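Paired with chain B in one complex and with chain C in the other, chain A is shared by the two complexes that follow.
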Partner chain A sequence: MAKQILVKVKNKNPGQSVNSLLADLLHKGLLEGILVPQILPSKESVVQTLVTEPEKLKEADVLAPVLPVSSAQIVSDMTRVAASPKPLGLVMRACEIRALVELVKLKQASLENLLIIGVDCLGTYSVRDYADIVSRKEDPIHVLLQGAKEGKEDPYLRSACRVCEYSVPTSSDLIVGLIGLDWEKEVLLKAGSDKGEKILAALNMSSSGTSSQREKMVSQFSQQRMKKRDELFSRTQKEISGWENLSSFFATCINCRNCMTACPICYCKECFFNSSTFEFEPAKYLERTNRKGILKMPTDTLLFHLGRMNHMAVSCVGCGLCEQACPSNIPLLKIFKMVGHQVQEIFEYVPGRNLEEEIPLAVFKEDELQEVGEE
Partner chain B sequence: MVTGEKALVHRVLVIGSGVAGLEVARSLAYADYEVCLIEKEPFLGGMVRRLNQLYPEGMPNSHTLDPLVEEVTRLGRVEIMTDTELVSVNGDLGNYQVKLKQGGKAKELAVGALIVATGLKEWDVGSITPYGYGRYERVLTPIEFEEKISNEEIKPEDLKSVVIINCAGSRDKNYLPYCSRVCCFIGLKEAKLIKDKNPDMEVYVCYIDMRSYGSLDSLYNTLKDVYKVNFIQGRPSKVKEKNGNLHVIVEDVVLGETLDIQSDYVVLNHGYVGDEDTLSKLRIPLDSGDKGRFPTTYCNAALSVDSNPRGIFICGCAAYPKNVAETLVEARSAVHSAINALRDISLKTAVPTINSDICAQAKCKLCLSICPYDAIVEEEDKIKIISSMCMGCGICTATCASGANQLEGFSDTELYKEIEEIVEEDDTVAFLCQWSAYPLCEERERGDLKKVKFIKLPCSGRVSAGLIAKVFSYQARNILVAGCYPDACHYNRGNFVARRRIFAMKSLLEQFGISSDRLRMEWIGKQEARKLQRVLKDMRKG
Partner chain C sequence: MDEFEPKIVGFLCNWCTYAGADLAGTSRMQYPANIRPIRVMCSGSVDSAYILRALLGGADGVLVGGCHPGDCHYVSGNYKARRRITILKEIMKTLGLEDERVRIRWISASEGKRYADTISQMTSDVKKLGPNPVGTFWWV
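For the complex of A and B:
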């Protein structure tokens, strides 16, 4: 059975070729429906759609470099109460898949009956920048792919994507590959699991060789971005050093909780920080103010961010949707990604890597972290 | 039979009819309790029934077990059910529903409490391949050896030499890492048994340490000095067969010589393992090792008022291996505990409540895996605390991200309020475990520790990042989290869970350019008032 095939691209449009592959999956009855991003009539952004009618896949745009919402959250909405009754396909990027794996561990989603179709991701633009590029009558995917081909630094990429180590999807049943290929001519379709292999066989397409460049380029890509990531971490560490700097980092927070709502990992529908535990009587406000003669309002914004960080940092996949959602433009990604990365390293944990890996703060080992205490 | 809830508090189910179960049934019956005694075998007596005689005096069953069986049978108040196995148990102290299977037929029973006296199981000594159990016919377990002597399959009079290998697999991390307590005596008893019948034969006992504690040490001395049993300190490397004879190869560590002892029989004096099947059915928490797991309560000192699960009491070898005398004492103490508990069935341990509206929206079930007692379950789509099994540690409360789970007395609201009220700028805040460090601070001399604020936690496992962040947001100088030493947590694992959280928090602080020394975790024992003082003074320095 072929583990990977190269699919010929028509009209120099890899997206369209992927669409017809997806339509084929529905036609052949291999899937009952597909969750896929679809371009808006205005062209200025995409929305996630669930499609059962192959015809409706014409405007699907699996490559559009924009991520208004993590589809991990959508899959959670669809499968939290019970597993999907019918086989569905999910077209997702690496960060979305990794978040989904974390949500499954947190019992917020079920992968039963689902086929993950991962798509290579070179990065995404913010919703605003994407619309900007469109308004200039340019095609964002062309801008992105052309830029990548020429090896140029793309100034529009979201900060999260610039430092993202995962251009290639993990834990997928099927992978649609662009990196290392001449995507105007062909794209890679590769099985990542037994389930994916069966689907590939059922599609009954002739194999046409492999790409020798791919692995090398993928690793080059991650190396570059990891280097940028580490540079970002050291800059960030300086920027937020000490309580004063940390407070001023979050100073413009208006307590809107958009970051929490956009975060694919934050699974509590009602945040603990919205609970009555954080409500105070009027006298308490004055009492707190009297300590220093001045009290920042709204109160406890820093506490909220630290609390949220602590709840989700071990599972943070660095998608940066918190930052995209922030109306005050607080550069949240760098701080959350940095903290997440450090905490994950302590427990040798990589969020989204493997369903079998247990979330570190829900387990413990007797013979670890021995250096407690004065001795 | 009397029915109604009130009657239940006078009815107790005893599981297992060995010495422990029989003694429990007898004591309960004399205290006017209705007793139901179940036994999975067709006859009463348990493990002791299989023994030829008991140490140290070599008393036969006709003088020990038989009178006990006779007395329990004679007492009208004990309903005896043989061929009966436990299927499941539900309920709480004062009201347990028990499902049984008697010879294939299902039976139901309601009782107020249960006493577990299911004893232990022999560890499979065949897993030590070099000793040849199962390969050589004359390599036997102690019980097989005794049975063969008692039915005269083996006549000590015809034997020239027997080797008894103590600690066969015990205190060895490849097999059973622990000491099973009774085996040394069993070896001594069997050595005496055959020497009594044939003083001219050679008996060798290979041992690592002779753990003949208490007055029973005299048995060892008698065997060594009077009976001239050969005690060889060393763990045999293998048992082999040559020309139809068994040979035990052992390095005598005292003489520094390797011996090759020819022997008619080799007795592998192995260890014992817990009856995991029954214990798990009763949801009794077991210790965390992977072999021969016994109930946790007996691995850590249990100081709680409530048993765990509440209303289920363990005695005899079901708790850990012990001899008949010790078993009898423990059986009586279990009866005492059960009667005391049934006298007042109100809940003595504060347990968490789960706000199911909040929980329903998250329902991550992290609390299910973190609970040391399996006291949290999902029932009818809701996460619930089984109060009869909860010991009130609050580890789950600290794990719950949504805030749905709140331990009474140590809820987030209560602890946050306490922090708000007492914490001032530049303070040192000490979160102390109620079982170890907190009692020490009650009798402290405050003196130069005026800026130290103490906050009591049920267990260090209750500490959460939220509490730490809250304290720091009040500009405290530093925080101490004091838990019990790694092997001494009252709740078995709270300190380990806390340690992970503290390390994660320390890393967070480092990232923020705040010295992680400002958050300190220490193991502080119940008696270590000085250590607490020293640590706090150190934290107030500078």
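For the complex of A and C:
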């Protein structure tokens, strides 16, 4: 069985070719429905849609460089109560898939009957920037692909994407590949699992082949991004180190908690920081005020951010949706990604890498970290 | 000027460290009065948020006391606490927040002396660190 095939692109439009592949999956009854990004009629944004009618895939856009919400949250909403009874396809980016793997481990989603179709990601623009580009009568995909082709630093890329190590999706059954290919002529369709291989065989497509450039280009791409990531970490460390700098980093926070709502990892129905633990009687407010003689209202802004960090940093996939959701434009990604990287390293844990790896906060070893209790 | 007397909040597990503190007291052992003990059912029940809240509220140090590894009344609470504190300390270190102010120690019900020594040691270490800077920040 062919593990990968090169799909001919018509009209220099790789997105359209992927759409007809997806339509084929529905036509042949291999899938009952597909979760796929779709351009809104106003063209200003792209949303995830669940599609069962192949005709409705014409405006689908698997390459549109924008991420309004993480599809991981959508899949969790769809499968938290019970696994999907019918086979569904999910068109997702690397960061979304990695978040989904974490949610499955947290028992917030089920992958049963689901086919993950990962798409190479060159990066995304913020919802606002995407709409801006459209309003200037430009095509965001063209802007992105052209920029990538010329190897220039794209000024619109979200900060998360600039330092993202994962251009190629992991844990996918099928992978739609762009990197290392001349995507105006062909795209790669590759199986990432047995399930994917069977689907690929059922599609019964003739043209098989490989792209010799791909592996090299992918590794080059990640190397560049990792270098930028490490530079960002060292700049960030200087910028936010210490209570004084940290408190000024969060100075413009308005306590809206959008960061928590947008975070695909923050799954709790009731956040600890919204729970009755943080409901105080009037006397308690006065008692707390008496400690310093003055109390900021609403209270506990920094406690919320640091506490949330403690709860989710081991699983942080660095999607940067917290930052995109922040109405005060606090550059949250760099601090969460840096902290996440540090704590994940202790447990040699990479969130979203593998379903078998257990989340560090859910397990322990008897003979580890002995120095922590002794010193 | 008066010598700086740090405030240290102690989250002490009911089954081991709190009983150890009790033994230190009934044995009339001397140790600094800088610790403010809070009895908790298990070191594994102490969410990092409580530790952070103590620090943000002005505590100069936080001690979590639990049973020795292998001796947890609830079998594995202290192992979980150990991971949680490790993560908290790593986050504090990464953000330059003096993670030395947070400690976890294993003290059994029979180790009154160890409790007294732990408090003495921590008090002297936190004295050297000086007052917790965020303790005076009202804007956090």
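Just so it is clear, the second predicted complex is superposed on the first by the 370 of 375 C-alpha atoms of A that agree within 3 Å, B and C clash if a C-alpha of one lies under 4 Å from a C-alpha of the other, contacts with A are read in each partner's own complex, and residues count from 1 in each chain.
Note that a residue touches a chain if its C-beta (ideal position, glycine included) is under 8 Å from a C-beta of that chain, and two chains touch if they have at least 3 such contacts.
Since the model is a prediction, treat every value here as computed from it, not as a measurement.
Because the two structures share chain A, they can be overlaid on it, and in that overlay chain B clashes with chain C. In the superposed model, A:K107 lies in contact with chain B only, and not with chain C.
In the superposition on chain A, contact is made by A:Y267 with chain B only, not with chain C. Once the two complexes are overlaid on the shared chain, A:A82 sits clear of chain B and of chain C alike. Within the superposed three-chain model, A:A283 lies out of touch with both chain B and chain C [touch as defined at top].
Residue contacts after overlaying the shared chain place A:I294 against chain C, while chain B stays out of touching range. Contacts of A:V343 after superposition on the shared chain: both chain B and chain C are touched.
Contacts of chain A with chain B, set against its contacts with chain C after fitting on chain A, overlap at residues 237, 240-243, 245-246, 272, 288, 291, 300, 302-303, 306-307, 309-311, 313-314, 338-339, 342-343, 346, 360-361, 364-366, 368-369, 372-373.
Across the complex, chain A is touched by residues 288, 358, 361-366, 369-370, 399, 401-403, 412-413, 416, 420, 424-425, 465-466, 469-470, 472-473, 475, 486, 493, 496-497, 499-505, 507-508, 510-514, 520-523, 534-535, 538 of chain B.
The part of chain C that touches chain A in the complex is made up of residues 47-49, 52-53, 56-58, 69-70, 76, 79-80, 82-91, 93-97, 103-106, 133-140. Looking at the complex, you find that chain A touches chain B at residues 106-108, 237-238, 240-243, 245-246, 267-272, 275-278, 284, 288, 291, 300, 302-303, 306-307, 309-311, 313-314, 338-339, 342-343, 346-347, 358-366, 368-369, 372-374.
Against chain C, the residues of chain A that register as touching in their complex are 237, 240-247, 251, 272-273, 288, 291-296, 300-303, 306-307, 309-311, 313-314, 335, 338-339, 342-343, 346, 360-361, 364-366, 368-370, 372-373, 375.
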